[in-house]
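Below, each structure is written out as structure tokens.
Look at the two complexes coming up: chain A is in both, with chain B in one and chain C in the other.
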Partner chain A sequence: MADTNTQAVKDQDKPLLTVDNLTVRFAVKRGGMFSKKSYLYAVDDVSFAVKRGETLAIVGESGSGKTTAALAVARLVNAAAGKVDLAGQDFLTLEGEELRQARTKVQFIFQDPYSSLNPRLRAAAVVREPLDSLTTMSAEEKQETIDRLFAEVGLHKEQQHLFPHQFSGGQRQRIGIARALSTQPELIICDEPVSALDVAVQAQVLNLLRRLQENFGLTYLFISHDLGVVQHMCDSVAVMYMGKIVEYGDRLSLFNNPKHPYTIALLSAVPSVDKKRREQMQRIDIPGDPPDPVNLPRGCRFASRCPKVVDKCRESEPELTEINGTHRVACYFS
Partner chain B sequence: MKNSHNSPLLKVENLRIELTTRDGVAPVIDDLSLELRAGETLSFVGESGCGKSMTALALMGLLPEKVGRVAKGSICFNGEDLTTASPARLNEIRGNDISMIFQEPMTSLNPVYTIGEQIAEVLRRHRGMNKAAAWQRAIELLDAVRIPNPKNRVSDYPHQLSGGQRQRVMIAIALACEPKILIADEPTTALDVTVQAQIFDLMRDLGRELGTATILITHDMGAVAEMAERMIVMYAGRMAETGPVQQVIDHPRHPYTKGLISCVPHLLAQLTAERPPLAEIDGIVPSLKDFGRDECLFASRCERANEQCRNQRPPEVGFSAGQLSACWQAEDV
Partner chain C sequence: MNTQKTPTPSTAQAQSPMGEAWRMFRRDHAAMAGLLVLMLVLIAGLAGPYVYSGDPFEMVWAPFTTPGTDGFVLGTDYLGRDLLVMLIHGARVSIAIGLSAAFLTVVIGITVGALAGFYRGWVEELLMRLTEFFQVLPTLLFSMVIVALFGASLPMITLAIGIVSWPPVARITRAEFMRIRELEYVTAARACGVSNVKIILQVILPNALPPIIVQAALMVGSAILFEAGLSFLGLTDPNVVSWGQIIGSNRQYILDSSYTVTIPGLAIFVTVLAISLVGDGLNDALNPKLRKR
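Presenting the complex of A and B:
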């Protein structure tokens, strides 16, 4: 089942989504009225790729730029530089009607199911909205699609007439998922899809996302700060710190053999119920706060908190370099 | 003082807290008993709406006025029953002997006062310190919670601090009077993992130094395993299971505890290509109006549920080392 599916998918070698040197910056005012404009580089020269039917997770702490990177891919914020190629289409240069058409290909599942559904629309209308604005389906086709989607995400047909406040958090997230699926997108960006949900409900939604991926060959860009969830969901991982990818690799290689001191510190900070892991794991402390994102240091951005830091790290920034097949690390010690 | 060496610092007996809702009176805490000894960490686990935070508010005497009330039972702190204590006496105890860290460090600090003033306020109120001494002590406390450069940071406003730093300030306020009990209600949910680890270290170290007993309310089993010695699993206002943390995790005796542990994707020591689906607990926590029925409230979500579960509230079944489970089939779980 799953294996044959992913095998078939792997035969198509070209990744579905290729992001090259993506940069997003925001202008910030600092100092007096005539002072020079300075920029905050939320995403700085980031490249990654996602194969069809697979999941790439972007992890990092708040402020690391993971959400901004995803928003830029979906054309919800403007990129300053870089290239996004989705199924052979140069996504960043699209304008007007072309862009509107292309929006069917990328859909978003948002973090907070309480604020991301319009409280004045009934559940069916929430799911119908993207169909109305992005497709040319007839009314019957739309209703058929909605019926099918409600069944897929595990909601009853009668619930279509309810308003968002009449659903529990998990059910609301299911509506969000149905809405994201409605235009049959190539890529679904899941931005912390379960972090607002109760633990028991998280499992339901994560299992649903995996089941849908298996059934429809969906491709996910999965953003999360919860490493346990990421470990369960992803096929490959990009670890971001201060707008840069510091480590990038496939699931097994990265989790079993993390190389970057930041990744190691992140993993060691996660509390675990596994007694063996707790005994094995040496906590790596990274004291202090990240540097000021507007005045970044010259060298490695992690240098100020890194337990392994040497002079060279403060002088120049390490490049993301390949250490084996798919695993890349931006650290002089890898 | 009645507090001899062996008697617990805090003893809650058969506590029942009722909330008045539109649908009538609902027991949000239903027959809860617990003991807490000095220096110990006890953890409350469960989904939202299970009564974890309500327990904390009851301990602090902060139940919502006119809506919530203690209907039965007692909360004995150092031999004194808090359920019958006067508001003035409760004011004396709160922040002094029992203090609390709230979930949201972003919203629980006052934005128009400097953090120094907010720490000093507690000291002046409870310890009768003068302004200068309290300010000096505030600086020492900021240093104790490892805020760099405390002399300058003490006159910062909350918005000038990061989330982790704000939570440290909250801890400084909570620990200012060296309380005997610290209640931490999801102290790290809004924080990043590396910051969470630092906050936990801090709570552990300070707890050890001051001999403070901690009640940690959380939904993260990993945090419980790392921080607490004993835990209470709450479900729909009732205690589902209690016992020593490692023992309960190794062998939970209640299907709900079991579900809570296995439904979360935990980081594994050695990862393999296998990825079985996560265990699910179907459904959601029952609504308040169903609380207090004479049945196992978990039955509707439980695979093992039978007629007895649906018709009679299960008693607490005892196991070794004080592990208790409120399940009709506890022996078989």
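Presenting the complex of A and C:
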């Protein structure tokens, strides 16, 4: 299913990252040793593109496959099918030394600052790890880079020799950001980088990420379930549900004019400080649980929880179709 | 450019996880006492022969000289050999076998456990079935068969003990590897292009070590007991003295001259107890959940 829109986007302004029909599945064994293998499609035929210097957010609830999609893009989980084009290079087919070289271009910022840093390494060694395995810098150059990165993320030089457990959550996330920056990547995948931090620190880290984006011309793939954060950070948004993108569009169009019932429900759940807006906003509940990911229903995956559901939705799955410009929705009611 | 400054704790010490564990260990009196006893045994074994020299196989006095008489602090055994000299030489053998057997156990156990826990799939399936095979073998019987078949030399006894006692280490290592490989810092290392071998040896293994160290320490004690058991049954190198062998050779005289059996027995008991205390101390010091108390 090649989507018609990717070509148009390419012509306009060539994206740094283009993901086409990415599929990730996990074998699931149920019952005994000899039972039939079935597959859980964590990411099912997902396509998106990110322009250089911009931020694409992937949002969705837990288990929607957003993190798996990000891991597959970075070759940290094997994709079953699809294509990942990074600056003209087919990232999924690289092997060995080529893959190692290409890894300098993609780095990852992790969700949990408490498990993403090796407790036995000092802060400087954590940042040095990618330099050691991906670059051929001399020891002095490495130290210079580390000094510069520590200053860049707002940490002191004296803190380099401390161990991770001696830092706070926000400081640990800064170390993680410095590590991601060390190889001068073009794309940084941020997997819920602030969801484990408290709100005051969240703002600091988000501002840091934005400043770094401006300074280094970074491209972000930003995974989040927090729409408030997404609104602050991104240029375009992809909403995922049960491994599929259900709505995709630039930030303004998606936030002002959400089409998919799931997106509408998500947006209605964002608390607002503005009293007028709060009164306007109608809270939409989506009762129930997502369907069993191993035995997916035939029709739309959201049908079991959708307030607008009709018979057609249970019969066949709606395709992701363009409604205006770059805004695409997978719903019969759009 | 607005760089957000974070306050630096000016007095913050770079306390490594291992340094902190040692601090905890030092506070544990029982473990420190165990360590002290172990040191004494080690010094006795290493320096003893130079301080109190003598041939452990030489008949020096009348048999069954009771301890304290005629200048023999621990008396003589049924062949008139000086028990103190035997005990000192036995300490060397017992400790050497304990350490080398534990080392062998840990090497086999870590290799099997690390490969199974890291690669999963058929590798794990194969290695774990192998582990279970060794786990259900009657340990003493199997090691007796090895020693009986291949000769009762010290390396063979070490091998026999190592081969039957690695499964617990393999299982612990596998469990730790399975837990740690899912942590984000391992994924981060992979994102940095660190090779699998380096991830196993330099990223996961150091973090998996604490429970393995504890197990290894206790393994030294059980290896000493195991060796004592084998030599009591006569399955030992007749040309070296070990504590178990002293007990074994004097066992007929246990009713008349019980000290010939009691003294080496006490040596084994005290040493193994000391090792257990050290092992427990290590467990408390290396276990982060207990550390908070």
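The rule we apply is simple: the second predicted complex is superposed on the first by the 318 of 334 C-alpha atoms of A that agree within 3 Å, B and C clash if a C-alpha of one lies under 4 Å from a C-alpha of the other, contacts with A are read in each partner's own complex, and residues count from 1 in each chain.
The rule is simple: a residue touches a chain if its C-beta (ideal position, glycine included) is under 8 Å from a C-beta of that chain, and two chains touch if they have at least 3 such contacts.
The structure displayed is predicted, hence computed values, not measured ones.
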Original post:
Which term applies to chain B and chain C once both are placed on chain A by superposition, clash or fit?
Top reply: fit
Subject >> Partner chain(s) touched by A:Asp292 [first = chain B, second = chain C, both, neither] >> reply: neither
**OP:** Using the superposition on chain A described above, determine whether A:Ala151 touches chain B (first), chain C (second), both, or neither.
**Re:** second
Original post:
When the two structures are overlaid on chain A, which partner does A:Pro119 contact: first (chain B), second (chain C), both, or neither?
Top reply: second
Original post:
With the two structures laid over each other on chain A, which partner does A:Gln204 touch: chain B (first), chain C (second), both, or neither?
Top reply: both
Subject >> First (chain B), second (chain C), both or neither touched by A:Pro271 >> reply: first
**OP:** Classify the contacts of A:His232 with the two partner chains as first (chain B alone), second (chain C alone), both, or neither.
**Re:** first
**OP:** Based on the superposed arrangement, let me know which partner A:Leu252 touches: chain B (first), chain C (second), both, or neither?
**Re:** first
Original post:
By how many Å are the closest C-alpha atoms of chain B and chain C apart after the superposition?
Top reply: 6
Subject >> Residues of chain A contacting chain B in one complex and chain C in the other >> reply: 170, 204, 207, 211
Original post:
Quick one: in the complex, what on chain C touches chain A?
Top reply: 1-6, 8-10, 12, 14-17, 183-185, 187-195, 198, 203, 206-207
**OP:** Flag every residue of chain A that touches chain B in the complex, lowest number first.
**Re:** 61-62, 168, 170, 198-204, 206-207, 210-211, 225, 227-229, 231-233, 251-252, 255-256, 265-278, 280-281, 283, 285-289
Subject >> Sites on chain A touched by chain C in the complex >> reply: 71, 74, 76, 99-100, 103-104, 106-108, 110-112, 115-120, 122, 129-130, 133-134, 151-152, 154-156, 158-159, 161-163, 165-166, 170-171, 174, 176, 179, 183, 204, 207-208, 211
Subject >> For the chain B and chain A complex, residues of the former touching the latter >> reply: 47-48, 146, 148, 162-165, 192-198, 200, 219-227, 246, 249-250, 259-261, 263-273, 275, 277-282, 284-285
